[in-house]
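As structure tokens, the structure follows; a few thoughts come after it.
Letters A, B, C, D, E and F mark the chains as written, and numbering starts fresh at 1 in each.
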Amino acid sequence: MSPLLSGAIVFALGCYAVASILVLVRLVRGPRAQDRVLALDLLYLHGMLVMLVLGIQYGNDTYFEAALLIAVFGFVSSSAMAKFILRGEVIE
Amino acid sequence: MTAQVPFWVEVVVSVLLVLSGIFVVISAVGFLRLQDFFLRMHPPALAYTFGSWCVTLGAILYFSMQEGRLQLQPWLIIIMLSITVPVTTLLLARAALFRRRIAGATDTPPPLRSRQPPGMP
Amino acid sequence: MSLIVLLLLPFLGSLVTALLPTRARNMLASWAGLVSAGAAAWVISLFPHVRDGGVIREEISWIPSLGLDLVLRVDGFAWMFAGLVTVLGALVSLYSRYYMSPEDPVARFYASFLAFMGAMLGVVLSGNLIQLVLFWELTSLFSFLLIGYWYHREDARRGARMALTITGAGGLALLGGVILLGQIVGSYDLETVLASGDLIRTDPRYPAALVLILLGVFTKSAQFPFHFWLPRAMAAPTPVSAYLHSATMVKAGVFLLARLWPALSGTDLWFWLVGGVGVTTLLIGAYVAMFQNDLKGLLAYSTISHLGLITLLFGLNSPLAAVAGVFHIMNHATFKASLFMAAGIVDHETGTRDIRRLNGLLRAMPITGTLALVASAAMAGVPLLNGFLSKEMFFAETVFLKSRPWIEIGLPAAATLAGIFAVVYSLRFGYDIFFGPPSTDLPREPEEPPRWMRIPVDLLVFACLVVGIIPSMSIGPFLAEAARPVVGGVLPAYSLAVWHGFNAPFIMSLVAVAGGIVGYLILRRYQERGLLLATPLVSRLNSKRMFERTLAWFARLSNKTLRVVGTDRLQPQMFVIIAVALLLGFLASQTVPLVWGDRARLPTSPAFVLLWVTGIVCAIGAAAQAKFHRLVALTLLGGVGLVTCLTFIWFSAPDLALTQLAVEVVTTILFLLGLRWLPMRLETALPRLTWRDRGRRTRDLLLAIGTGSGLAALSYAMLTRPATQSISPFFLSRSLPEGGGANVVNVILVDFRAFDTLGEISVLSAVALTVFALLRRFRPPEESIGETSQQQALHAETDTDLVSPRVARDAGRGYLMVPMVIARMLMPVAVIVAVHLLLRGHNAPGGGFVAGLAIAIAFLIQYLVAGTHWVELRTKLRPARWISLGLLYAAATGLGAVVIGYPFLTTHTPHFTLPLVGEVHIPSATFFDLGVFGVVVGATLLILTALAHQSTRAHRRRTSPPDTSESRGAA
Amino acid sequence: MTWALPHLLIVPVILPLLSAVIMLLIGSERGRSKSIVNVLATLAGLLVALEILRRVDGSGGSGVIGVYLAANWEAPFGIVLVADRLAALMLVLTGVVSLGAALYSMAGWGRAGVYFHPLFQIQLMGLNGAFLTGDLFNLFVFFEVALAASYGLQLHGSGPTRVRSGLHYLAINLLASSLFLVGLAMIYGVMGTLSMADVAAKLPHVVEADRGLLHAGVAILAVAFLTKAAMWPLNSWLVPAYLSASAPVAALFALMTKLGIYTLLRLWTLLFSADAGPSAHFGGPLFLYGGLATIGFGVLGLMATLKLGRIAGFSIIVSSGTLLAALGFGAVSVTSAALYYLLSSTLAASALFLLVELVERTRNGEPEPLREVDLEPGEDTNLDDDEAPLVGRAIPVSLALLGVAFIACALLVAGLPPLSGFIAKFSIMAAIVSPPGYGAPSVPTSIAWGLFGLLLLSGLVATIGMSRAGIRHFWTEADQPPQIKVAEAVPVLALIIVCVWLTAQAEQVMRYTHATARSLHAPTAYIDAVLSTRPIPGPTRPNIDGGGAP
Amino acid sequence: MRLFAKVLPAPLLSAALLALWLMLARSTSIDQVILGLILALGVPLLTTSLRLNNVRVRRPLVVIRFILMVGYDVLRSNLEVARGVLTWGWRQPKARFVLIPLELNDPVGLAALSMVTTVVPGTVWSELARDRSVLMLHAWDVTDETAFVARFKARYEKPLREIFE
Amino acid sequence: MEALLALVIGVLGGAGVWLVLRPRTFQVILGLALLSYAVNLFIFSMGSLVIDQPPIVKPGVAPTLDQYTDPMPQALVLTAIVIGFATTALFLVLLLASRGLTGTDHVDGKEPS
């Protein structure tokens, strides 16, 4: 792997981490529950991106399983939270 | 099995990764600094779309070249993401509207009415 | 086998009695009498064998390794005691027949009585000290039942309990002492112990052993300061008193004193302890007895006094005194039993035992009166009666004792004083109730008792006379045989003559009688003036009351202490557990100084650091928000979970990452389902922090920081130390060739350590079943029973899109329409993904757990968007069935190996050749994983849907107004 | 070593699991058939346990150690089940107690909530598995199995009291489980293995720098076990949890503290025997002092309460303390006596828990006294009071039977003669004061005397407590005889009869416990048996090499 | 034909699932294809009650064109919103709620529309009237509301109606 | 990296302990959850930190701990995660039941006096 690609990988990972910190600020600050839920959803997305990039970095496709799992099921917790905010009840 | 990837591929993948990183940071910046919740709902889409598409594309390219045949599995990720993401955003937007209305916020439009009286065909 | 049968006879009799009709008193009394008389005859017939120091010994092996075998041993002394126990038992059986009321269901009485007799026989026949303790405690137990026979009476209950407590405690002390004795001697066998007197007395453990044994003796024989239970035990029916408190139970103490006399006596400690306690008891008992107004109370204190006398005799370290002690044991049993029976007759005939109310009874019951007078004279030590003889021997011993001067003077003086007291209380018993003008206000008109009721008294008083008049002809040989073993086989010279000349003891007797009469007259004078009605000097010192108080005080103190050293609150318990773990962990880690290892560190990745900054902030935020902002805390917890998951994947643990992710999702839904039923906590509704709260928080914070630091230090030490040894290379090398899978983690789970996994799915099942069971009885908090505030806010709007799937017929309307389309689109996809994870698990990340969770999540999404009603209308999930089939499947896979002769859960990888496909390997571990999958699906769904059902249940419970708009809209 | 039935060792684990599954499949109704299945499965379990015991004891002497390689992987790599005398003894004890509880629950006890019987069987599975396993993590798993089922059983029937104490019970056990995992992880980290025998074999050769870490791990692990074994001050949870549980469950729970004791006994004798080099007898003083403190705590509890259920709970604490202290001596004679004591006290506590329910039924509707402690009596009642007639009361047969059973339990719990409780206490006391060189402990005499005294004291206090409670429950105005079903009376009596048997056969039992103790304190045979057992060659494992640690 | 409908109730779905399986398996070997076929046939049958039924997709050409168009829109809007975020200090977009009257009534079509609005930055699906007659969007930058509505309907609603109705 | 992970374990454990000692049931359950994260990471950390060497055996790679991370702690953590999930669920339901039956969310089922 060329230094270019490894540099790009480090850059991308760094970006995701920085973005996560920014999102974390929102997660902690709120102000409302919907902000926090959205922030959590974004964190999950960042996590998924990290996994994908790691997959490229190590040329190992096992990382994709986890990323896929986030893509398919990651929305469930934030959706449930959103529904909870909206209805006060997750399963009616 | 793992062949050396041509340099041009690495360049393309690198560009995609950098772009993804930049867009993700922009989306996070927007999400953090915008004032209103509905405004804040827009920037995350950058990460959901461009941010993840770039990486996925990079991965497809990289692995396909590496293994010498089309590797579409990463593609599944963006398909699944596009299918599932609306659920959260839709519910969140609805919840935000609801809570604002309950709180009596003035900048929030009133609930939508059906055109026909409810229940009529 | 004769002795064992003799010993068992009363117990068997007791058993039979318990089975007899409860009110058949003639049958019961005859049976008890027959048993005890039979036993008595048996015992008496053994006399030839014990004559001239003969010993009968029988052994039954029981626990030889502990030195505890059943040894029945009859020598002269034991024979004498066994005779007392059985003969008096027979007499009391007869007496009880008439004493107990016809309405009394006496089966219980006779059963306890016979059992007690058996226990007492066991004590006296024991040839093994532990066995002796065993029967000793049994006498405590059965006496408890006898004293508490009339348990409807408060005094009986308390008296019984006190007796049990004191004598039981003494028995435990005795056990301790006997064990020590056994350790000193190397055996518990009585003969060995008796032969090892010198060894024992020189052993450093002798004082401890002696004190413990004496505690047993003194409590049982009601010696000061443990005497107080005896008067209290007078709440027992009088036959019981006549038996227990004259001849048997209380005599067990002095029996032991005599029994161990050769082994333990002869030291100063013995003299001071036994003699001191004896003389104190002698005086106090006699003194208090003088002032008793209750007939039985008087007899009780006089018994205490006489027991003190016997104890004193054994304490004098003189063989002659010991012989006198043995003699007085016999004499006291005779006259005291008859006195108790007489008192019982009086009570029975008059309805009262109050000496002050009873007067001139001799006229109404001349024969009983005469008998009682003779017996009380024996008690007072009047010549020509048996009591005189032993008392004379006692006086002689006090006089001839060689000791310090003050003792040589003091002891005879004390003895004489006690003699005076004895005369006084004997006069109170005899003269006070039988002479003077007859009482007129008695509850019943007195008359002579039934003839058979009096017979036991007749016999006993006759014995007093015979022994008193012709001692050497009547009791002489028996006394000799009884006393011989006590003094170690060689009897001292003594003479049983009535008249020994005008010597010091006789003068003391005269002084006692004269002084007693004078004392009695003075006391009578005072009492007629209404003075000295209660015991002077010591009436304030009510030891039985003190006992009760002490017990209550102890109970209260224990309760208070318990509240300090224990708690029923959770927080201190958690604190203590963590603190102890921290402390012990710290101490143990200091065995050698904790140092960091020198393994090459991984270079730090900035991105990873930043990710964990996120994680740490989330964790601390969650900790801070958990009290008032639960949803916020939950969101933050989700952040921690995500970062944990990323850590797993970062450090080469894809399986963990997958499982953690799936668990995160399910846990979040679970928490949200729970939050529905947790009413809001309002931050303002709480009082301000007190200093105590602050202190507690500081303390908790310190512990938290300490624990965190400890964990961090330990993990850092572990992370940096070079790995020296591990079994893991085995797994890596065998996984593929022998386990049939490339994913080592999965092969460990389903093959190498499949047994763990089987246990784990059992845990999951058990928890799911528990949750389900608990929720069946769930009662939501008042505040949460109604609709949520969000739902209530909607009632004004009829045209809202926020329809509840609970009431909507078509869930695909309103705001959930799009989510539902997506959810339903996802369903088959989820199934495919799950199958993929399951099948690939053996070779790549995945496996039954995560696959099961994926399916469960897919179902949960359906519940989420469409509501319980809609989903369950369309599918029958039956999670419990999933669980049971999953377990069955996993177990059956394991048993499959057993069928073909391999250990449980051995995996096989059959190879098939299929057309088109070619060779196929299917490790049986995959089937096991399928079982895991089933359990995970079932358990997850059972837990979450059971919780979700609470909503529908709550709504069903209250009659909700029908949603008219919706019903129209769906038409 | 010949095992006619090669799979016998797995049966105590699999049989309950399959029975649970069958009961789950039977469905939610048909409580009767489920309780019959429950009893039959438990009975079968007992028979199997007895058979294992018979085989393990073998021809006497050194005994036979049965080793079963679950999944056919040899130690230290796979999980082995090991049946030595101790494990067999615990299996039999579990079988007896659980059979009692199962019989008792036939009287409709399963109806108070759902899934009683399956959870009961899963609890048995957990207990049996924990007694049999030779692997540390597997031990954790079976602890969790037993605990998971115990949560359900403890909460069986629900209600505020159960839920409140259940919450505490759960929270504390979750915490303890966390400690368990931390300790376990450290042991694995240092030793690189989880097989107990392998750990024991490698322990003397641990790198010196790692010994501190290992000890820290073991200490943390010990806290988890000590919490479960109810050592003071980690035991406040016990009485409320057991008190609130339904009778058969409480009876079964009498085994749960013994599981903690068993684990300590097993691990400490195995790992920290005299051969363990610098780690020999590690932690012994902790058990000694902790045990003494625990007995003291139990004594306080016995003294402070009138409530029979609490008495039963505190008697369990006393027995835990006694066992812990005995464990601390680390001597064959003491351990042997302690094992006998363990049998007797567990059976007694179970019988008592079963009995408590029946006895308290006689006081139906009567309010509890305001104060827990008994107060002093009023002014001396005149002995000659005419109001209370001098005529005894007839005791109904059922009450009389309960009374006899109660007395037996009281004797057992207090260690009074003539039942096994006495023998047990006597043998412990005799062992701890036995002169040095007589198989004697190397414990300071003051401690031995302290234990000696505490044992006597605890007996006294138990006598006081039991008599107080007995008087309160039996010597009282019984309006009507208690309604007792045969299914409830039989197990109580049966457990007592087992104690009577223990008394009569004490020599035989003690021969067994002595052999057990001797092999526990010389663990080489155990280690060798585990590490030398080879798997059965099969298609995937054609050639089994010499094995052993890499 | 009825048998065909029974065995293969949702051919489109089955095809998609087969594709999904092969992508997940990263293999087109014969055994994976067979397994994929079994699953693709079996899973729709298994999940009948909980999956979408009666989805009909017409005019595949429109579908492809629509996807490409959306893709283009996504890229364009990404840049637009990114610029908006970065230049927030100087120029703030005119964000507002927009009401869009809808003719599209098919649930799947509406779901597709919601996906489009989500993936295209600058539009947030906020509320749909209960009778699906009006949709409220939150739009990132709208200067001319009528034009925005017209463009939205033309670009997204119309093709979707063609595909799903 | 090692120091970071140790720090993380410490912080999670500390936060968990803090919460576990709090009086409200919800705090306790969150505490137990945090504690189980900490414990899982702790177990995980016994196997040393290795990047890109998941224990999935590849042909031609020596099956040693130099080439693969230690699979054993992972297997243990996996079991611990599942058991942790189950017990968390139980605790949650129990705290709900307690809240319903006692009317308070205090861990002792009654407000402190």
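Note that in this section a contact is a pair of C-beta atoms (placed from the backbone, for glycine too) under 8 Å apart; a residue touches a chain by one contact, two chains touch by 3 or more.
Just so we're clear, the structure is a prediction, and the values are computed from it rather than from any experiment.
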Using the contact definition given at the top, which chains are in touch with both chain A and chain C? B, F
Is the C-beta contact count larger for C-E or for B-C? C-E
Longest centre-to-centre distance from chain E, chain (CA-based): C
Just how far, in Å, is the C-alpha centre of chain D from the one of chain C? 15
Cα-centroid distance, chain B relative to chain F, in whole angstrom: 31
Taking each chain's centre as the mean position of its Cα atoms, how many Å separate chain D from chain E? 63
Approximately how many whole Å separate the CA-defined centres of chain B and chain D? 58
Mind pulling the residue numbers of chain C that touch at least two other chains? 568, 570, 574, 578, 605, 608-609, 634, 650, 654, 711, 714, 718, 723, 726-729, 731, 753, 756, 760, 763, 767, 770, 774, 777, 790, 799-802, 815, 818-819, 822, 825-826, 829, 833, 844-845, 969
So chain D residues touching two or more other chains come to 137, 141, 144, 148, 151, 155, 158-159, 163, 167-168, 171, 175, 182, 186, 189, 194
For chain F, what residues touch not just one other chain but two or more? 20, 28, 42, 46, 51-52, 54, 56, 72, 79, 83, 86-87, 90, 94-95, 97, 101, 107-108
Mind giving me all the chain pairs that touch? A-B, A-C, A-F, B-C, B-E, C-D, C-E, C-F, D-F
Okay, in this complex, where on chain A does chain C touch? 10, 13-14, 16-18, 20-21, 24, 27-28, 30, 33, 36-37, 39-40, 43-44, 47, 50-51, 54, 62-63, 65-66, 68-70, 72-74, 76-77, 79-81, 83-92
Chain C residues within the chain F interface of the complex: 568-571, 574-575, 578, 599, 601-605, 608-609, 612, 615-616, 619-620, 622-623, 626-627, 630, 633-634, 637, 640-641, 644, 647-648, 650-656, 659-660, 663, 666-667, 670-671, 674, 677-679, 681, 700-701, 703-705, 707-716, 718-720, 723, 726-729, 731-733, 735-736, 742-745, 748-749, 753, 756-757, 760, 763-764, 767-768, 770-771, 774-775, 777-782, 843-845, 849, 936, 939, 943, 947
Within their complex, state which residues of chain C touch chain A. 605-611, 613-614, 617-618, 621, 631-632, 634-636, 638-639, 642-643, 645-646, 649-650, 654, 657-658, 661-662, 664-665, 668-669, 672-673, 675-676, 787-791, 802, 804-806, 815, 819, 826, 829-830, 833, 837, 844-846, 850, 854, 857, 860-861, 863-864, 867-868, 944, 948, 951-952
Which of the residues in chain F come into contact with chain D in the complex? 20, 25, 28, 32, 35-36, 39, 42-43, 46, 72-73, 76, 79-80, 83, 86-87, 90-91, 94-95, 97-98, 101-102, 107-109
Mind listing the chain E positions that touch chain C in their complex? 13, 17, 20-21, 24-25, 30-31, 34-35, 39, 43-44, 46-47, 49-52, 107-108, 110-111, 114, 125, 127-130, 132
